[in-house]
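Chain naming follows the written order as A, B, C and D, and within any one chain the residues start at number 1.
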Amino acid sequence: MSKRSASIKGQAELLCRLLRLFYDKDWVSGTGGGICAAKDSKTVLMAPTGVHKEEVKPSDLFIVDRSSGAIVRPPKNRALTVSECNPIFCTIMNRRGAGSVMHSHALSSVLAADLAGKHDDLIIEGLEMLKGVRGVSNQAKHAVPVIQNTPRERELLDQIRLMLENSAYAESFCILVRNHGAYIWGEDLWEAKRHAEIYHFLFEAVVARAGQNPNPG
Amino acid sequence: MSKRSASIKGQAELLCRLLRLFYDKDWVSGTGGGICAAKDSKTVLMAPTGVHKEEVKPSDLFIVDRSSGAIVRPPKNRALTVSECNPIFCTIMNRRGAGSVMHSHALSSVLAADLAGKHDDLIIEGLEMLKGVRGVSNQAKHAVPVIQNTPRERELLDQIRLMLENSAYAESFCILVRNHGAYIWGEDLWEAKRHAEIYHFLFEAVVARAGQNPNPG
Amino acid sequence: MSKRSASIKGQAELLCRLLRLFYDKDWVSGTGGGICAAKDSKTVLMAPTGVHKEEVKPSDLFIVDRSSGAIVRPPKNRALTVSECNPIFCTIMNRRGAGSVMHSHALSSVLAADLAGKHDDLIIEGLEMLKGVRGVSNQAKHAVPVIQNTPRERELLDQIRLMLENSAYAESFCILVRNHGAYIWGEDLWEAKRHAEIYHFLFEAVVARAGQNPNPG
Amino acid sequence: MSKRSASIKGQAELLCRLLRLFYDKDWVSGTGGGICAAKDSKTVLMAPTGVHKEEVKPSDLFIVDRSSGAIVRPPKNRALTVSECNPIFCTIMNRRGAGSVMHSHALSSVLAADLAGKHDDLIIEGLEMLKGVRGVSNQAKHAVPVIQNTPRERELLDQIRLMLENSAYAESFCILVRNHGAYIWGEDLWEAKRHAEIYHFLFEAVVARAGQNPNPG
């Protein structure tokens, strides 16, 4: 299913369907979290900020220029504002060649980041589900970078750039943000969904093994 | 979506839809919990008491005078009685300018109140989701007042008035009731929903971090 | 909703709908658990044994004589066998005037029974949701009897009779069975549903407060 | 329901419906896990690998020769590859006379295997739900074999053969794989579903009783 070609309309509908799925999993509750997906090589479909994510319709999506983050076409509803993750989403897409990025506010991602303590990353190992991350084996010690939270979402950008440039994290499709959540990406919406499901499983597993409660939805 | 204007019929349907959502989240099980929403500046739509909340239809709702709590129009089904929360709902709406109040019986709210011990409040901090509470930053030490439970719901009113008047809790859109649950409000049904999702996330987070089980639905 | 009159067809459909609901809550998984409801003053609708409970249709139900437990009318599908709980269901209906009894295999009921240790009952207190049990206040020390499991379901009957006769448990609408589950009843299907939701909430609460994991569905 | 005869079309539709159910239970997330079912005495319906399991349609299924594992008929979509579990599925079907095998990636199965430590099996006892395993009583000390994970799925085959031949595990319809998941089977899709629900309940129960978190959801 990862390789199915999708029309732009299908792409927008799939993006909204995944938002509803993520809401049902408690990853984007309380209007938190978000998602974007490449519309074509130059532009990106992006959800609005501050809205109930499970209510987002294709006509609510922004089209954003992938290199600059500029809004190419806003939705008809002018009360909507583009996701605060806009610069982060574009940076991850450009530097990692990602076709879709999702932003999770799952409690399991917060508790997993807690486990990193003061370290720059969380090492995950001893789990078959690691194989669900593209290129990773179940024998890996998989390092997921963990950054500090900031008052505004866009202020995370400098730390995110550093982590994306750090060769120690070349295999990771995820960045954890302390007290906040995670950014997870893939080559398209379907791989972003798979990676989101894999990483949330890994978060829940390491938290459960550490004796804490991962509180999955 | 928070700013969409809703017809009265739409308002009643949205209120019932949110009750079904809250039921699915285990916040209003066993006929517990409730919700109200302003119909106009003078009257309020209110769910009945003692019924399975996920079964409530628009035609089951009471219309109540906002300042006095008097029933302006009962539903056709005369076996129904208005929510026991009526005086509490009206008090919160009038003193805080709220357009909607929900009452949760979630286990996570009971366990979060447990964490307050004998203190008058629960301090929540170090969580991005605090930004989902209107006016609150993720750097805040957010104080949520916690009151004692009473044999009858209406006997909570004196403690609730005191908490609403207490300037230490001016930023809170939530009052926790020990061994019982929480009252959570917003400017309209959509903000009440957002605040409900945010506060329940915060309850689950503080309980998980304290090593207890937040009992997700 | 508790007092709505239901046609026999409506009664059978409601019974099956509640089985699907209980399945979704993980109370009757793996073909475990069950439910019955009075058809009239002399007969009872009862689900078959050994089938996937969420798949049961009205035409799969048995009609059983309430006083003797004899099958008055089997379903057309002659491969079906009546619930093994038949004698227990009839005993509870007759001795407590119940109109409906449900049998839960929820993990939270097993873990709650664990908390009773070697005692004959589990005392539940300090929870508003106690008010959801008919006649019980939130100030009560509510005693729920706990019996030993037996190799066959029908062998539970002697212990159940003793508990139903014990005045210490006159206020309980629930009997816990160690390592097994719970029987929960009410005046009709709607009250049995309310009591089931209330008692499962109470089980999860006491287990969470004891530091164990209630593992709700 | 276990004995209902199903047309081949009905069989394929049921297999896909169970994949969606297992996905909703978090047993086959992130494209992990799988299922197969006998089409007739010589061939087997098998899901593809590396796809989102809840999206699988009857037309995506492979038909595989039961004794050799050779593909008899691939699906029209030639981008699909047969499940990596193919040799394991066929071996279990042939050696145990199973009509269906499911492969779970549930966190509860990983945590249950953790409990076995270095032992070759996990002993489960003191739970009524043991009766949901064909031929097992609630008085049993039920031994579920636990094997080591390997880099590739097919490398599990030698250990699985040994466990299937080991008379100590003749009563088990499940093999746990450390850090990975479980294989669970039955005489047909309905019994495989029942056994899957039973074993996952047992995993969650032993994990909860050991004080760990079984990750419901």
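Everything below uses one rule, namely that a contact is a pair of C-beta atoms (placed from the backbone, for glycine too) under 8 Å apart; a residue touches a chain by one contact, two chains touch by 3 or more.
What you are looking at is a predicted structure, and each value in this text was computed from that prediction instead of being measured.
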Fit chain B to chain C on CA atoms, both being copies of the same sequence, and give the resulting rotation angle in degrees, nearest 5. 90
Name the chain whose C-alpha centroid is farthest from the C-alpha centroid of chain D. B
Determine whether chain A and chain D, two copies of the same sequence, contact each other through the same residue numbers or different ones, counting it as same when over half of the numbers at the interface appear on both sides. different
Please compute the C-alpha centroid of chain A, do the same for chain B, then give the distance between them in whole Å. 31
Interchain centroid distance [CA atoms averaged], chain A/chain C, Å: 43
Using the touch rule from the top of the page, what residues of chain C touch 2 or more other chains? 211-214, 216
Give the list of chain D residues in touch with chain C in this complex. 1-3, 126-129, 132, 137-139, 190, 193-195, 197-198, 201, 204-205, 207-209, 211-214, 216
Residue numbers on chain D that touch chain A, as the complex places them: 26, 29-32, 50-52, 55, 79, 105, 107, 110-111, 114, 149, 151, 177, 179-181, 211-217
